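Some structures to go through are shown next.
Here chain A shows up in two complexes: once beside chain B, once beside chain C.
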Partner chain A sequence: MKQGAALAAAAAVVIAALVLPMWIGPFYTRVLQLFFFSAALAVAWNILGGFSGYWSFGHTVFIGMGAFAAAHFVQQAGPFGSGPWAILVPVLFAGVLCGVFAAIIAYPILRLRGIYFAIAMLGVSQVVGELVNNVSWFQGGVGVFLPPPALDGMAPEDFFYYVFGGLLLLCVIIAMMVRKSRFGHALLSIREDEETAMMLGVATERYKIAAFVLSAMLVGVLGAVYAYSVGYFTTYTVFRLDFSLNMIVFCLIGGIGTLFGPIIGTAIMLFITQVLLSRFLDIHLLITGAMVVVIILLMPGGVIGALRAWRQSRATGKDREAEART
Partner chain B sequence: MNLFLQTTLNGLVLGGIYSLAAVGFSLVFGVLGIVNLTHGIFVIAGAYGALVLFTKLGIDPLLAIIPIGAVLFAVGYAYQRTIIQWAISRASLVASLVVTFGVAMMARNVLQIVFGPDVHTITPTYSFSSLTLGDLRIDLVRIVALGASLVLLSVLALVLARTHFGRAIRATAQQPLAAELSGLNTRNLHGLTFGLGAAMAGASGAIIGIVQPFTATSEVAWTLNAFIVVVLGGIGSPAGALVGGLLLGLINAYTAQYVGPALTQAAMFLVLVLMLLVRPNGLLGNAFGESR
Partner chain C sequence: MSGIILSGRGVTKSFAGLTAIQNVDFEIPENAIFGLIGPNGAGKSTLFNLITGYYPLTAGEIRFKGEDISGLPTYKRNQAGIARAFQISKPFPALTVRENVAIGAMFGRPETHDAEATVEDALAIAGLGELADRTAEGLTMGALRKLEVARAFATRPSLLLADEPCAGLNPTETAEMVNCLRKVRDRGTTVWLVEHDMKAVTSICDRILVIDAGNKIAEGTPQEVVSDPKVVAAYLGEPLENTDN
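Moving on, here comes the complex of A and B:
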């Protein structure tokens, strides 16, 4: 019964999302497109950072790598197919390449923990970014073009709205499947206590690498589509520290390690920065920083954590337990 | 050969400044276990403080170290006792990382609004003179900066090693519970250590201001530099910061000279990642041992 209601609600959201661009203007279509993109990134980051507790401060490396992989693929091999489907093969190639790269660096880098892993990922993203920028073959310094897909009549913002919307749905479904599976439970056990998990026979190494590769592939695909949506980009369009940080901040505000926390966090932050404060670009950093501090101090589990604590304290009349869970 | 020596000299001078800029971060990391992402803000705030004192009142940046250090000590103490302490007690030690990051974002934004996005430098009268040593040339400001860094690092090392305050800090770092049982007020000591770290960062900022141009956004680079220095040298000691800083300076200078100036960042981070994989506690290890 409960599952049926959830399914119905999900279907309603999807249908509403499908017809929405007809009602709202191009500006809000773009805002929503940005929301889908950012939320999908946060969900993908959350598979590694939220479930297994390995916070990456450098996930933008996969956005950049995906974008450049797609562009070079099109340059070398030409577009595959025609119409909107032309983006499919380059985007998939970008995802696979990011997955391969992640698999290569995974073994050494996942031996690090906590802040060391976070900063090492930041280092990886900086090194790769600098290389793409300075090795002339990559053309990161001068920038590369990605020919826009032929859309016969459809506005590009509508097209990318649907693509990013579909990708967000895909990421959520994957995250859900991970969360409910043995794989997801293994990741949670790694987050709670890696030594104990290993001792109890959880193949921590393999699961961590799998989560890392999966997260990297999703972000790589998103990066490639993002590259298509901007058309022309340089290193600094896609290797951006603020992408990496936003993924963390959005998850944190919604509730790290939960399924829908990243989406809620993205919605809150984008609503504040893009809609409420769209005229006050100067103080975006101030607001974001203040939000981060306030959320950590007042509700360390994010919005979802606070809701759960509230529900539990109402049910049991004791909020000590709720605190212990977060 | 001469080019090599000149590059080495430049690297060492730069390294001295890196060391001073990182020692506060190192101390806080070692004693409190906090990765303080606001550290770069303290450095840049010191630089801006020196700039204001120099342009408005004509105070030499090296003298400005004293008032700047005092102010940042107070700020650091208050900051640790309130926001950071709350974050640790309400959430976790990891959450304090995110909180310092949020505060850094806010502070950077405020600095940008107050001082504008322009790149600033401080130019005292001795800015443009230089010394020659055989065929080697070195700017006077850099010598002054290196000298001041070494003096401050030595003072800090002496304070930590010889004074009651230093012993109390080390005891708190090694065994917080035992230190408390022996009658030390560890909460207060944590605040004081944090203040000391902030003061050292501010002092280094005043020196950096006369050597390098700076903007509010360079705080990110100084935080990362501090982290790299700590990973290279070792946690929690002035000696570790010195070793790490000098190494980082040399890496920077050699890469700029022999590989390409655009690749210094990449080289620094490459060394960082390799070092993390091989020996994450730095060449000199954690000054406070396995206690944490």
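Moving on, here comes the complex of A and C:
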């Protein structure tokens, strides 16, 4: 019953998302496109950072790598196919390349724990960004073009709205499958206590690497589509510290390690920054920063954590009332 | 070599010159409850850490079911059938009791089994049924100790290393724990128990190994061990009969 209701709600959201661009006009379509992109990034980050507790401070490396991988793939090999589907092969290539890169650096870097892993990832993103910027073959300094596909009359913002929407759905489905699986339970046990997890027969190394690679691939795919959506970009368009930080902040606000926390957090933060504060551009970072501090102080478990605590306290309150009556 | 589940030959561990375990031999008979006692700092937990692979051996070898396991990583030793209940309870705090135990059941030994039944069975043996849906964070010491054993037992081990499962428990809880360990043994899991509560140790152990300052000083039945002058001098302080009065 409950599952049926959840499925129906999910279907309603998807159908609403499908028809929405017809009504809301290009500005809000772009805002929602940004929301889908950012939420999908947060969900992908959460698979590693939220489920296994390995917070990456440098996930933008996979956005940048995915973007440049797609652009160079198209430059070298030409577009595969025509029409909207032309983006498919370069985007998949970008995802696979990010996955391979993650698998290569995983072994040394995932031996680091806590803040050391976080900082190491920050370092990785800086180093790769500088390489792409300064090694002339990558053209990161001058920038590269990745022309949008022929859309046959469809507005580009609508096209990317649907692509990012689809990718968000994909990320959520993958995160749900992970969370429910044996793999997901291994990640949770790693987050809670890695030594104990090993003692219970969890091959922690293997699962950590798998989560890292999966997260990297999803972010790489998102980065490649983002590159198509901007059309022309340099190193600093895609290797951006604020991308890395947003993934973390959005998860924190919504509820880190939960399934829907990253999406809720993204919705709240984008609503504040893109809609409420769009008229106060000169002070919007200041207000955003202050808000993040306040939210973290008031709700350390994020929105989902606060809701759970509220529901629990209400339930125990009811228990007490019932006890008092008997 | 039937009958011996775990054996050690010349087991030695040094940390930067300090020898924590020196040339200890042991043989744990299958389906026994085996005791390990010794003063604080004698190396009991270090010995367990060597058996589970948390530390590598400096010298010697450890055989489990006849096979040398000295080179295996911790998780493979668990999958082979060695589980451990920690001295300082290490629950997964954000997860419920049932989820904690379920992780043991999902991983552990790779043979196929009904994971849900294993979880319920482990909860029942430890007497945790009523607390199954509580998060581990708010449990009492007694419940945390039971959770350690239940989670380890859910990995379906043939050997359970129980590191001071009765520490900090009151007499009733201690009796419950002793009962629980008996049940674990009756299911065919050998138990190796570290415990300071001599009453508990002597009442349930078939044999006891005594170490002091990293050296084996005695081994035998509870009666032999408590009357051994070396054990009395190093650990018990005075003959047990006198303290009982």
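In this text, the second predicted complex is superposed on the first by the 317 of 326 C-alpha atoms of A that agree within 3 Å, B and C clash if a C-alpha of one lies under 4 Å from a C-alpha of the other, contacts with A are read in each partner's own complex, and residues count from 1 in each chain.
We take it that a residue touches a chain if its C-beta (ideal position, glycine included) is under 8 Å from a C-beta of that chain, and two chains touch if they have at least 3 such contacts.
The structure presented is a predicted model; accordingly, all values stated were derived computationally and were not measured.
Peer 1: In the superposed arrangement, does A:195 touch chain B (first), chain C (second), both or neither?
Peer 2: Second partner only.
Peer 1: Is chain A touched at more residues by chain B or by chain C?
Peer 2: B
Peer 1: Looking at A:293 after the superposition, I want to know if it touches chain B, chain C, both of them or none. Which is it: first, second, both, neither?
Peer 2: first
Peer 1: For A:307 in the superposed arrangement: first (chain B), second (chain C), both or neither?
Peer 2: A:307 sits against neither chain B nor chain C.
Peer 1: Can A:96 be said to touch chain B (first), chain C (second), both, or neither?
Peer 2: neither
Peer 1: State whether A:204 touches chain B only (first), chain C only (second), both chains, or neither.
Peer 2: It touches chain C, and chain B stays clear.
Peer 1: Just chain B (first), just chain C (second), both, or neither: which does A:268 touch?
Peer 2: So A:268 meets neither chain B nor chain C here.
Peer 1: Looking at the overlay, does A:169 come into contact with chain B only (first), chain C only (second), both, or neither?
Peer 2: A:169 contacts neither chain B nor chain C.
Peer 1: Would you mind listing the overlap between the chain B footprint and the chain C footprint on chain A?
Peer 2: Shared contact residues on chain A (touching chain B in one complex, chain C in the other): none at all.
Peer 1: Any idea which chain B residues touch chain A in the complex?
Peer 2: Within the complex, chain B touches chain A at residues 35, 83, 86-87, 90-92, 94-95, 97-99, 101-110, 112-113, 220, 224, 227, 231, 260, 262-263, 265-266, 269-270, 272-273, 276-277, 280.
Peer 1: Given the complex with chain A, which residues does chain C contribute to the contact?
Peer 2: Going through chain C, the ones touching chain A are 52, 54, 73-75, 78-79, 83-84, 86, 90-95, 99, 102-104, 106-109, 151-152, 155.
Peer 1: Considering only the defined contacts, which chain A positions touch chain C in the complex?
Peer 2: Touching chain C: residues 182, 185-186, 188-189, 192-193, 195-204 of chain A.
Peer 1: How about chain A: which of its residues touch chain B in the complex?
Peer 2: Residues 108-109, 111-112, 114-116, 119-120, 122-124, 126-127, 130-131, 133-134, 241, 245, 248, 252, 282-286, 288-293, 296-297, 300 of chain A touch chain B in their complex.
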